[in-house]
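One chain, chain A, appears in both complexes that follow, with chain B as partner in the first and chain C in the second.
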Partner chain A sequence: MLSQTPKRFWIWPAVIVAGLLLLLWGLPQLLPVCAKYQLTDILIFCLVAGVIFLTAYIRHKPHLLEPWRRVLQSHRAMAAAVVLVVYVVIGLLDSIHFQEPLEGQPESVGHYSVDVPSLFDFMTRSLQEQTEKTYSAPLATHLFVKESVVLEDGTTAQQHRRLEHGGAHLADPQTDKWPDIAYTALQGLVWGLLLWSLLALLVSVWHARTAGLSPGASWRAIWRGRSRYPLNTLLVTAGILLVMLAILFTLSQKYHVFGTDKVGQDVFYLSLKSIRTGLVIGTLTTLVMLPFAILLGIMAGYFRGWIDDLIQYLYTTLNSIPGVLLIAAAILSIQVYIANHPELFDSAMDRADLRLLALCVVLGITSWTNLCRLLRGESLKLRELEYVEAARAFGVHHFTILGRHILPNVLHIVLIVVVLEFSGLVLAEAVLSYVGVGVDPSTISWGNMINGARLELAREPVVWWSLVAAFILMFALVLAANLFADAVRDAFDPRLGRIPRN
Partner chain B sequence: MFAYIIRRLFYAIPILIGVNLITFALFFVVNSPDDMARMHLGDKRVTQEAIEKWKTDRGYEKPLLYNSDTDGLNKFTETIFFTKSVRLFVFDFGSADDGRDIGYDIKQRMWPSLAIALPVFLVGLLINITFALLLAFFRATYIDVWGVVLCVVLMSISAMFYIIGGQYLIGKLMNLVPISGFDLVGIETVKFLVLPVLIGVVMGIGSGTRWYRTIFLEEIGRDYVRTARAKGLSELRVLFKHVLRNALIPILTGVVVVIPLLFLGSLLTESFFGIPGLGSYTIDAIQAQDFAIVRAMVFLGSVLYIIGLLLTDISYTVADPRIRLS
Partner chain C sequence: MTLDNDTPLLEVDNLKTWFPDGDRTVRAVDGVSFTIRRGETCAILGESGCGKSITALSLMQLVPAGGRIVSGEILFHGQDLLQYSERQMRTVRGNRIAMIFQEPMTSLNPVLTTGEQIAEVLQQHLGLKGDALRQRVEALLHQVGIPDPHKRQQDYPHQLSGGMKQRIMIAMALAAEPELLIADEPTTALDVTIQAQVLDLLRELQQQHHMAMLLITHDLAVVADRADKVAVMYAGQIVELAPREQFFAEPRHPYTRKLFAAVPGRGKRRQKLEVIKGSVPTLDREFSGCRFADRCEEAWPLCRERRPAWTVLDEAGEHGVRCHRYDPDVDFVPQVVPSRGVREAGAVDQPPLSTVLQTRDLKVHFPIRKGLFKRIVGRVYAVDGIDLNLYRGRTTALVGESGCGKTTVGKALLQLIEPTAGQVDYLGQELTTLGGARLRRMRKHLQIIFQDPFASMNPRMMVGNIIEEGMLTQGVMPDEAERTRRIDQLLEQVGLSAEARQRYPHEFSGGQRQRICIARALALEPDVIVCDEPTSALDVSVQAQTLNLLKQLQQDYALSYLFITHSLSVVEYLADDIAVMYLGRIVERGPVEQLMSDPKHPYTQALLSAVPTIEKQSGREVIKLEGELPSPIDPPGGCHFHPRCPQAMAVCKQAYPGVTQLDGEREVRCYLYEEKGRGTRDE
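Up next is the complex of A and B:
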């Protein structure tokens, strides 16, 4: 059955987007807070809205839906998608910024605190506020470095001081610590399993409804791998993640699970906060470069002649500058600009946000050339096809041909490149921050965490935890993105994925 | 072919002019030299005299494009655009903020860079192609499937993790080689080179192997391979004599272009290992915000890239006699 696209496929996504907008705008009105969305937040919301519309569009196009079905039917891609969803949820929660009213001054209505926390900060406030003096190891109860402490008899001694928050509830850390950790972890495990059962219930009910099975039969079908999508993989991955997160969160209420950094901030909190930065760089960069790359790429291939020469010249020139150097040159001059125009920014946070966006734009400028070249090559082939020739013969306007006949037929390339570039961009952020042309030093990011922790490796014993935490979180995101990208490429580009078996 | 090379060299000129204009715009138009001076001098309340002195010391006191104070040709040569950007074409890089001659420094520093980058490139190429051929030999078996997954895992690890982890494991725990440092004194140099080269090779295995594997699989699917098998040739002979030979063109496309860029070294490796090459030179310049060096490196990088493109074309004719450049 070939389902026709309903003319008004956009109604549902429009309702959803309008609802979300109402929520983002209206909820702060009801609560005593003032929404303060950053520039990058707004762009992220636009991206989310775009994804919602595209999903609705694809749902009605069987030829577009089919490859996506194939992506989700792969076990690896399903597991990767679950991991990515967790990251995206944390990143989105971290993108809803607001200001709280100043406490203790009821008369100053409309006066808000200078801090602009996000919803994520709000949920993890205890983590953020439980700062120590300096380094402490994961799950430690004492500071990592010795300090002079004045003893009761008046003498001073070098001692590891007790932490103010990590394990502060323990009477005798020597004996109580590990039993307490085990007990707390067990609590977390129970929470995680409870949440997982809820998810499993929802998934199996959904499967039962769509497959027309009884709940019991649907449950058995999922675990025997007979469901249409690999729901068993979904549930196992989600289970592992939920249990892990639940244990970490329960433990983090009493301890610093990943230790603390130089100024005593909780590393677990920092590494979760970095997720947003990584996602922003991975997605907004693409958003920035996409219009240029697509338009110029298909124009060069379709029109040929001097337009082609000009566009080719443009991207060969940009391409010929080694990427890091171009980024460095651009970011350095933006730095000078920001330093000389302090009046443009309300706060340090605005400045950091603009720098993040500038980094995305610069990364976008350096990375669009690859996509542009691919699109040019493909449109060169497409323009010679009969249907394009027919359209030209009928006198259809060039830009209509571009939009109606060329663009839809190169979109799979766009998708593949976008998904493939994501992981590279996340990795690039760390390198650029190390070089000194990455995000603002005040922005929490994996690159800045690594950069800060790198110098401490010379210590004896080594301060390894911020480094390891940043690397593991980055690795999980990049690995998931890479596996998902592979599945997308295999599904959308049948030529590449096939292995000749002769 | 000679005429072709000459023509290609002429094509390079507009590209280099473009690169020059981009850097000129970034460094002098977006921010005036006054802005740069203020940034360098740090203080918000710097006097105009201090700014003028900073600019005069570095030759930034001239007008940007047109100098109306002088006469004749000097109207155009006594400008920032001419002295700072056009002079790059004759590889006159000027001097850095600390007064050192950039051209001299570059000449000194490219050898340590090459000492690291060349072994990494050659050994890496050999290892990646070997692994890729292995995976192609075992295609569609579990060895291939898990090999590819392993490649993806290796690709997903940050380059900085490889470096820090390698330094910690081999340099600190096992104490085999010095963690960092460099000394160009004959055979002793090797002990400084081993670790950076090893790490550099390991870093590239994931993406490299996967890339070559796709190329080989594409070739294996072609008709001539089936013919070769039908003739009764062994699989090894097919892989080495037929597939590898025909895969050379796509391999060369990706490989030859980076050869000239090896001179620039690797930013991360050199900076972590304290190697006095061009990579660490660039990083130091970026961190000290020494725009003259960054400008010189941008120009040098694009010149080397263009040479790489030219070499790629020439290498095609060597690899495949059917290709003629004209």
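Up next is the complex of A and C:
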């Protein structure tokens, strides 16, 4: 009986993770494709599995579950969480890579295309393939630059040429364009509302079942704010996002909603693809950093003496090296390594992926010191507490004390720091890529988009859309992450009392 | 403002301070009425959580966030303070009504000198400036007994000891010569000898200024010494209000009587202490009957049905009580069910003394390191040569003021702190030379119970796992089902139900947690338990439960306790032998009866006389100790006690006195007895 629940908390997450693995590896076997997961994909799936286990663990620990409940009870956090979920879903879809068989070849031969698209690419294939020649403004029907065109009468003239895809269906763009856009947007709106109604129905049925209400009563309870979690906020935020995405998506089938870049790629597609890069940097870096920070931090605080001195010297030294320089040095040496060992990599994508991973590791190594210092301070306090002394009086081993008494009591700090650092890391990627020591130039990321847009800012008229698109998507992600982090910090802060605030 | 003594200075009528919190409202103060006359001391007595501090803060209109005064009147000089605006209140606070707080460490601003902090009050309320201000500050410091006030006013709070800081707080409170002083547990954080100094100072100042005082305390003994009248609070209400003499001669309310019975002391040595069953009810509901009914042994059905009215017992209207038992309108009052009487704690036949644990010349010095290479520049002589014997089935008390090193002795005994020198011998096994796995195995036999029941359990573990930890580590009962049965049995033994196993520590009250800690220590069936102030964080009634339990367990398992405490009444109740510590050394030790009735060492004499007691004592003169415990970094030469000793001689300054054996296994280290003793032993 004793400690039954904590011992078996892993059964359900294990089943879920096994199911997901089966899906990820098994489904490609049934379909005529070949799964081709990148290194970062695998790490992301490990992270997802870790999050599933952690969630199950938290569910059995009231001291961790209660603050998370409070997080979700806050309206702001709920809205931010919905936004984050949209980003995460796109990022995850973009992390399932596969190869398709070459057309015209029988499957059994095993000839696959060299392209390694992700599930996200597959779903947005139209966006990816509808490339133009060069720049075009958002929702434009003509190229941004004039070209020499041979007219019917044989003379050449400088003209904005019609786009190959954007608005190509219009007979007369001058008159038809805006009515067509309005009509298409309306279609999108209807789709968005339909999807939202489906979601609202699901949510209210779920609420009716958990709260034991009739469907009608549950619906009213949600909108009058009487549900346990702010489901009204959830539905409103999800509604806005769904409608927005649906309109953008329907429009993007006929137009380039955010315009095209220098080589004619759709900027909407690029900025969505960048989400994965941002998330990878924000999360995998943490994964690299946590073991260092936690182990060294609590060891320094608990053992004190020479161990403490050593660890402190280590992180003070590391902190004194200018971060950007260290990152630049590491990235450049990795670049040299990659260039000298072309035989190790199958494709350009593998190389870019390794560089992304390397960036995560380097960022992780330079950013663990902060958390480590916090944990050292907290452990210094905890080691003096009487329950730690009582454990020593029982003859418990030091490392058991670390695991059983110190670690669970600093876990809330780890959670807060991880959530807070996420947004900082997403921004760091943009800055580093801009400087040129970030991700591979072939990787689609917000940093690279900004870097590419930099030179065009001097142009008259200005090519502003790449920059603005990257800015908006990054801003939304970082704002949502920060709002969420605020709610997490408040929920775990013992000084703010237990009174639920709205 | 010429008021004669009979006009009340402060009249509080039906004060209610509530803390609304969602759909539940915590009625922290729920209809409190009392009056204070000029020059009078009114004490509010109550256990933690009864609303006494909130009452005091309500008078100043400084109710903590979330609370508000919902009704009542606070008449100060006949004017209702509740009608005052915040701006008007500021002219009252600190000026006409002043307050001193419990914790002197946190009530002073650490970045301002003491002089500046007192001057601030004077500027604010009296508008003094320049030389007049400086002189007044010095006069005030002199008044509260700070030596060398001219220098001291330039000191920062961290340079002063706890007692000094409390004096500074008092000086600040008195700066504007208030008419009413509210003292919220002014001496709880201080040692007995310092407590005596501060209480005396308060009384002197009160007489000089003819000031009224509202003294808030949980300590019956402090009340016995100082108060003119006593109000007992329980669950947000005053249940009894009486002049001191009547209060101590004839307490009426069942709760008050229980409180008296729960106080440990020498007279109750062979008995179990009275305990009040259950715990204070939560205040977030309407009460339909008496608030004490569920815990009262004398309650009858009416007590649960009707709220008791305030009944005045004497003609002067001074003694009142809130109990149906004394209400003339209640027709039927059942006879008091004779309580099960004094339960004998069982026949006590002293077994022959057999030593379980003994220390020889135990020393713990903490090095002070400085500089780049951590050179040792000095030592803290926390424990400086201690000989102790713990006998099977007996309790040895280690008594001393805070900072004398008594907790360090306890930890060094268990090898939680490595001793610098000396031996610790457990049944013939030398512990100081053990290390690693062998020491871990020995830890099974020696356990510890801590002072703070809140910090001594990992908040992230369930009670079952907490108790189990030692068993798992020591490999006792590897079978899970058997272990679970044992944990249930332990929990029942300490008076908790087996379902506690699946709960977390924060769900329990302080007393319950302390019992879980006892269960945890017992799980390994140790021979020796070091009890480090196990009851000092608990209320009187809860303390009684814990002491009873410890005594019972000792009888059942022949445990040896090393009982570290500063509370002499607990010592008198529980201990068999006493060792008195002063600055890292034991100055006197012996059996409890002899030592308490006839202390030899001047320090012991002063310590005993400083303890306030409930029984009105006559002829026992209070020996006032000057100054405070010196620093163990640089102890005074010769006898450590000589700078404070009223009987110091020339020889005391030269060398530390050796051990003098007195009659009946008593030992004392003092030159006063060297030649009288039967034999002296050299240092």
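As a working rule, the second predicted complex is superposed on the first by the 486 of 502 C-alpha atoms of A that agree within 3 Å, B and C clash if a C-alpha of one lies under 4 Å from a C-alpha of the other, contacts with A are read in each partner's own complex, and residues count from 1 in each chain.
Throughout what follows, a contact is a pair of C-beta atoms (placed from the backbone, for glycine too) under 8 Å apart; a residue touches a chain by one contact, two chains touch by 3 or more.
Here the structure is a predicted model, which is why all the values come from computation and not from measurement.
With both structures placed on the common chain, the touch criterion links A:D180 to neither chain B nor chain C. In the superposition on chain A, contact of A:Y434 is made with chain B only, not with chain C. Counting the residues of chain A touched by each of chain B and chain C gives the higher count for B.
Once chain A of one complex is fitted onto chain A of the other, the partner contacts of A:A390 are limited to chain C, with no touch recorded for chain B. Of the two partner chains placed by superposition, A:D41 touches none, neither chain B nor chain C. Taken together, the two complexes place residues 499-500 of chain A in contact with chain B and also with chain C. In the complex of the two chains, the chain C residues touching chain A come out as 21-22, 66, 411, 414, 416, 439-441, 443-444, 446-448, 450-452, 455-462, 464-466, 468-470, 473-474, 480, 483-484, 487, 501, 504, 517, 520, 524. For chain B in complex with chain A, the touching residues are 14-15, 18-19, 22-23, 26-27, 30-31, 35-36, 38-39, 139-140, 144, 149, 152-153, 155-161, 164, 167-168, 214, 217, 220-221, 226, 229, 261, 264, 267-268, 271, 282-283, 286-287, 289, 291, 294-295, 297-298, 301-302, 305-306. Taken together, the chain A residues at the contact with chain B in this complex read 76, 313-314, 316-322, 324-326, 328-330, 332-337, 339-340, 423, 427, 430-431, 434-437, 450, 454, 457, 462, 467, 471, 474-475, 478-479, 482-483, 486, 496, 498-502.
Interface residues of chain A facing chain C in the complex, by the touch rule stated above, are 1-3, 61-63, 385-387, 389-397, 400, 404-405, 408-409, 499-500.
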